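In the two complexes that follow, chain A is the common piece, with chain B as its partner first and chain C second.
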Partner chain A sequence: MKVKYLIEKIEGEAELEFDFKNGLVDNVNISFPFYRGIEEILKDRDVMDALVITPRVCGICNHAHLIASVRAIENGLSKAGINIYLTQKAISLREFTLSCEIVHSHFKWFYLVALPQLLNLDGIKKPDNYILKASWASTNIVKALAIFSGQWPHASYAVPGGVSCDPTYEDIIQAEALVDEVTRFVENELIGMSIDEYHKAKEISNIKGDMATIFGMMAKQNMKEKGKSYDRFVVLGEHPIFQSGLYNKKYSNDISFAHIKEQTQHNSKAKSVTYKDMCYEVGPLARAILVKNDFILNLHDKYKDSALTRVYARLDETIRLLVYMKSLLANLNVKELSCTLAKMPKAFEASGVGIVEAARGSLIHQSIIKDGKIQKYNIITPTQWNLSSGTQKEAGVAVQAMKGSVSIKEATFVFRTFDVCSVCTTQ
Partner chain B sequence: MGKDTMESVKKLFTTQSAKVDTNRGGEYYTDLYETCRKRLDELKALPVVNNKLDFQQTIMDEGLDRRDFLKWASATTAMLMLPASFTPLVAEAAQVMNRIPVVWIELSDCAGNSEALLRSDGPKIDKIVLDIISLEFHETLQAAAGHQAEKQLEEAIELFKGKYLLFVEGAVPLGMDGQYGTIGAKAETFKDHLLRLASSAAAVIAVGSCATYGGIPAAAPNPTESVGVMDVVSGKPIINIPACPANPANMVGVVLHYVLTGKIPELDSLLRPKFAFGYRIHDNCERRAHFDAGEYVEEWGDNGAKNNFCLYKMGCKGPMTFNNCSIVRYNEAVNWPIGVGRGCIGCSEPDFWDKYAYERPMANANIKAPTGGVERTVDEFGLALLTAAGIGIGIHAVASAVAGKKNSEKDA
Partner chain C sequence: MAKSTKLKILWLQSITCNGNTHSFFSHPDFVTLMQKFEVIYHPLLDSVYSLENVINKKLACDILVVEGAFRETGMQKANQEIYAIAKSYAKKAKHVITVGNCSTFGGVFRLYDTESIGGFCFNDETPNEAYKLFKKKLISLPGCPAHPRWIGNLLSMILSQRQILLDNFHRPLEVYGYNAHAGCPRSEYFEWKVDSKNYGHKEGCLFYEYGCQAPYTHANCNKILWNEVSSKTRVGTPCFGCTEPYFPKKDLWHTNTLMGIPASMPMGVPRRAYLTITGIAKSFSIKRLNEPIIKYKK
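Here is the complex of A and B:
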């Protein structure tokens, strides 16, 4: 039996076509009916235009696109023999703003998507509307971001060699105050305890607040057994707080870019992507596994890559990032240079790769530049890893996770544990 | 560009419609006040369309008092270019906004404007006002999803036929028979979807540069043959709120103006509300003094950059961009691009990806800076821009004819 189902509320639309066998989901075809052609638009433009165009791929993770695109240019320049280095200040500011965006996205996912969907799955007819909570938390954290980036969404404050802003102590204090406010929100609303207590909590059952609500419901829906995929993870972006590498039964830090392959899929405008011809999961769970976060490893030992582990990893990351952001600000030396590369070389040839960890996982920008103009630009988004229908050989990560679901409602909740976004997937 | 077109374009930009008139005389404002008073009383008598949130309660929940609210109301009155005596009316209008149904649809976009709306770039009360707007349909913000949401949209269109404001985010891809973007179970193309919803709307508001001019999807080579709302919809009042993202303060302004007067605000030749797009970024820029003093940033991270000098030589497009970012700023007014030393990219102007693009310094851009200082009006600037570039103005000329008509109706 085939059933078509539309997924909305993901910044665009996705269509899932379910194949049922004996009352269980047997296969799913995922397609995104949307295309803008950003890579085509980038062709033949000045390389610096990428910094203003690529953020516009996505209204949610635009900042990650900016950082990936500036890293791609910097990587290209280094390979072309131009000395590129960033001051600690520029590194910290980029880390801070990127973390703000990840945290904001996680809040939005939790309050606007995960919680309402789970309430719906639980059969609650009129679920609470969490818009105000989502809006309050995410507004405040992107405000901290905008202090340094000028605006959010669609800032372009990162430039090759650093950042364009030159914040004062006052700016930093203002940002610290916002991070503190959001931290208090997390303590009061999300986890119902102080972050110190949270770090000491050994079991999920000790956690309170909205997180307790979602775990209560997930337990009821047996989500510790649902949503399991291949249990393979990859993290490609290099950041002080994350560890790049692979996990497929065992850990490996030996990643070669040559093994990453993009493939067009029929029926969808999105491309699938594989590593050594295998599908890998990217995102907060992958990051927690690779960085060997005890809490998540403990859950993973028990429940593998289930929906529960995945949801938990995203929320846990929100908390860890807030602590990280606070330390970045506390250690910021405003006297350092913001940008070390004064003049961009005019006509240069280069090919560069820029990878960052975005809210949904590893984001890759590749550019080939000739005479200072973009010859070819390629973007591989996190959702292409997680949400493709798969390859000839195996089903996509999310498809695998949805197999065996008893209903469309249950399967779509599993789908959403990956944090769906169609605009990035198809560009 | 042919001579005829050039002539018509010149005419267009020198018409009265392009001038910002902030003082229309006592009689005009007395009449307007009466109209607004009557309108608000009528609205108050109407049932609340959607009673999800109570305005007073929400203000209290956000920890704001009446004084903050009135401060916001007087600032908004000034933004809408109304005399201070209108402040109590604006305050009242904010409280009856939930009588006006709003339907918000997303076409070929990145959802950045929805994000801006949700994340609220306006000062705090703008955000609350946006929560109060009766959003009858918004894919991301409503509780319903999937088929249920589709049903809700159909019901809203039927129930509020001819009364709702249709906010459109995203461009309209026309290539491949519209197959670059479809919506719903029947795979309706974005164009058909837009036309269907627009036909029952009171007015159509294009939010962001994609909905206004086709934006980034329409940038060369325009792979999906995308256009803006005004190139597709006809026979309905259209208001453009460009910028990438559009500033929520301006979205609020448009809705408030409609609540208050029952009319759409006065528009320029690109159908942009003049209260927001009547001046250039440059006119009110915090770094303007450095421009006048000839103090520029010349290289990233140089001494000029450290001292917040003017970004003109780094390619800032503030002198040829009409928008109020330099006043309202972004993200609850914490900052804006020029504030972090990254110049304006001209994102509220037509075809800015191709003509303006940030990194092209002014001299290498296809546009020419207007000369003559701040006192230059929109009309004259339009001419300077057109003589230098004159690209892609055809569609806007058509749109402007509609705008001109609207203005004359309004003024009459």
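Here is the complex of A and C:
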């Protein structure tokens, strides 16, 4: 039996066509209906324009697109023989602002999507304060981001060779205060204990706050068994806090870009992407596995890549990033240069790749530049890895995870554990 | 259930990145503000109706907010053209608000196909067919994205029935009567023509070397600040003119010049006046403005 379902409020919409067999989901066709043509819009434009246009791919992870596009330009310039290096200050600022965006996105996902959807699955009316919590926490952390980037969404403050801002200690102190406030929110509301106590907690059952609520609900829905996919993970972005590499039964740090393949899909404007012709999961769970985060590895040993492990990984990452962000600010040396590249070369040829870890996983920008102008631009988003219908050989990561669901409601919750973003998937 | 007397808001998206939705969500009083309205549909918030309900039923609506660029055909949701849906709700609504540059002028996404994609009521600066139908109730909030307070304050002004004065593009003067240059901490460098020579410094003006559009751009960004703390020019990024119909211009980081003189003059400034003032300013060298504001000790 085939059932079509329009899934909405996922940064746009998607159409899921479920194939039920004996009352269980047997297959799902995922279709993202609209293509906006960002890659074509960039054609023949000045290379620097990419820093302004590409954030407009996505209202929620725009900053990650900015960082990916500046990395692509820098990679191209380096390969063209132009010396590119970043000061520790510039590196830390980019890390900080990108982390702010990831944390903000996780808050929105948790309070606007995960928790309400799970309560809905159980037929419980959700308390009104979830929107307030999402709003307060996300607003305050993007405020810290904007101190350095000028605004959120859609900043363009990362430029080849560094960043355009030149912060003072006063700016840093203001950002630190905001991170402290948001950390206090996490301790009071999300985990119901201090972050130190959290790191000492050995079992998820020891954790309190809203996290306890979601784990109670997930246990009830047997989410430790549901939502399992291929248990294959990839992390492509290079960051001090993450580890790039591959996990497929065993770890490998030997990644070749040549193995990444994009493919058009029948019935959808989104392209699927594979590594060595296999589907891999990207995102917080992949990052936790690759960085060998004990807490998550423990859960993973017991419950594999279930919905529970995936949800937990995203929340755990939120907490770890806040600690990381605090240390970035504490060690920021304002005396260093913000940007080391004095002038962009005028007419140059280059071909570069920029990869970052965005909220939902690895994001890739590729640009080919001729005469200082963009000849070809290609974007591969995290959600293309997770949310494609798959290849001829195997179903996509999220499709595999939804197989065996007893209802559309349950399947769409599993789907949403990947943190769906429609606009990124099709660009 | 008691019948709500609150004004009904319907937030519809077309060809968009959701940037305005997320911008507005960072309004510090977002929740309190939205509780004053009955939300028929919103891309993030729970609403009584599903998108399919909105598309297939004829619901009542007082304020229609549209986000994203439009095309007559080829942008469907639930098998219906979103442009037709938006028009049918616009006919009923008392107010039609276009949030963001895309829904106002066409913006970034218009560039994909300027023949068929445009704003809801304007294609760049040209009013289109829908403009004739809705001009009496149209309020434009261009920006990429619109500032959270532009959206929030406008909704509050509608609620409190305050007078909303508009410019030629139907942009509220309270916001767009200013230019983005007003309040820029670099304005002293603009006045004395001390140009920024490379990125990453708090000193120097971005107008001549880096394409800063602030002197041509209608917006109060540097008055009310982004996310309450900052603005592009405050962090050394030029203004890209995102509230204007020509956004995004080509070569966003470059200033067009004719024989060394900026091709466009700051808003309302005669060429001769600009050249005279610039000539005089440049004939002086102000030591303070050519030094770092803070000289940190090693």
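The rule is simple: the second predicted complex is superposed on the first by the 422 of 427 C-alpha atoms of A that agree within 3 Å, B and C clash if a C-alpha of one lies under 4 Å from a C-alpha of the other, contacts with A are read in each partner's own complex, and residues count from 1 in each chain.
Methods note: a residue touches a chain if its C-beta (ideal position, glycine included) is under 8 Å from a C-beta of that chain, and two chains touch if they have at least 3 such contacts.
Here the structure is a predicted model, which means the values were calculated and not measured.
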(request) Please tell me, clash or fit, for chain B and chain C sharing chain A in the overlay. (result) clash
(message) In the overlaid three-chain picture, which partner chain does A:P153 touch, first (chain B) or second (chain C), both, or neither?
(response) both
(message) Once chain A of both complexes is superposed, is A:T168 in touch with chain B (first), chain C (second), both, or neither?
(response) second
(message) Applying the document's definition of touch, where does A:S31 land relative to chain B and chain C: first, second, both, or neither?
(response) neither
(message) Going by the contact rule set out at the top, does A:T417 touch chain B (first), chain C (second), both, or neither?
(response) neither
(request) Name the contact category of A:D49: first (chain B only), second (chain C only), both, or neither. (result) both
(message) Taking the superposition on A as described, I'd like to know which of chain B and chain C A:Y5 touches: first, second, both or neither.
(response) first
(message) According to the stated criteria, A:N62 is in contact with first (chain B), second (chain C), both, or neither; which is it?
(response) both
(request) Return first, second, both or neither, reflecting whether A:V334 touches chain B, chain C, both chains, or no partner chain. (result) second
(request) Pick out the shared contact residues on chain A: the ones touching chain B in one complex and chain C in the other. (result) 6, 8-9, 11-13, 33-34, 36-38, 40-41, 45-46, 48-49, 51-53, 56-60, 62, 108, 112, 116, 131-132, 134-135, 138-139, 142-143, 145-157, 159, 161-166, 174, 337-339, 341-343, 423
(message) Residue numbers of chain B touching chain A in their complex, please.
(response) 52, 61, 106, 108-116, 118-121, 127, 131, 139-141, 143, 145-147, 149-150, 171, 173, 180-185, 187, 215-217, 219-224, 226, 244-245, 299-302, 305-306, 308, 330-332, 334-342, 345, 347, 353, 357-360
(request) Quick one: which bits of chain A touch chain C in the complex? Just the residue numbers, please. (result) 6, 8-9, 11-13, 33-34, 36-38, 40-41, 45-46, 48-49, 51-53, 56-60, 62, 90, 108, 112, 116, 131-132, 134-135, 138-139, 142-143, 145-157, 159, 161-166, 168, 174, 334-335, 337-339, 341-343, 423
(message) Considering only the defined contacts, which chain C positions touch chain A in the complex?
(response) 13, 15-23, 25-28, 30-31, 43-46, 50-52, 75-78, 108-109, 111-113, 144-145, 197-202, 221, 226-237, 240, 248, 250-254, 294, 296, 298
(message) Show me the residue ranges of chain A that touch chain B in the complex, using the header's touch definition.
(response) 4-9, 11-13, 33-38, 40-41, 45-46, 48-49, 51-53, 56-60, 62, 104, 108, 112, 116-117, 127, 129, 131-132, 134-135, 138-139, 142-143, 145-157, 159, 161-166, 174, 337-343, 412, 423
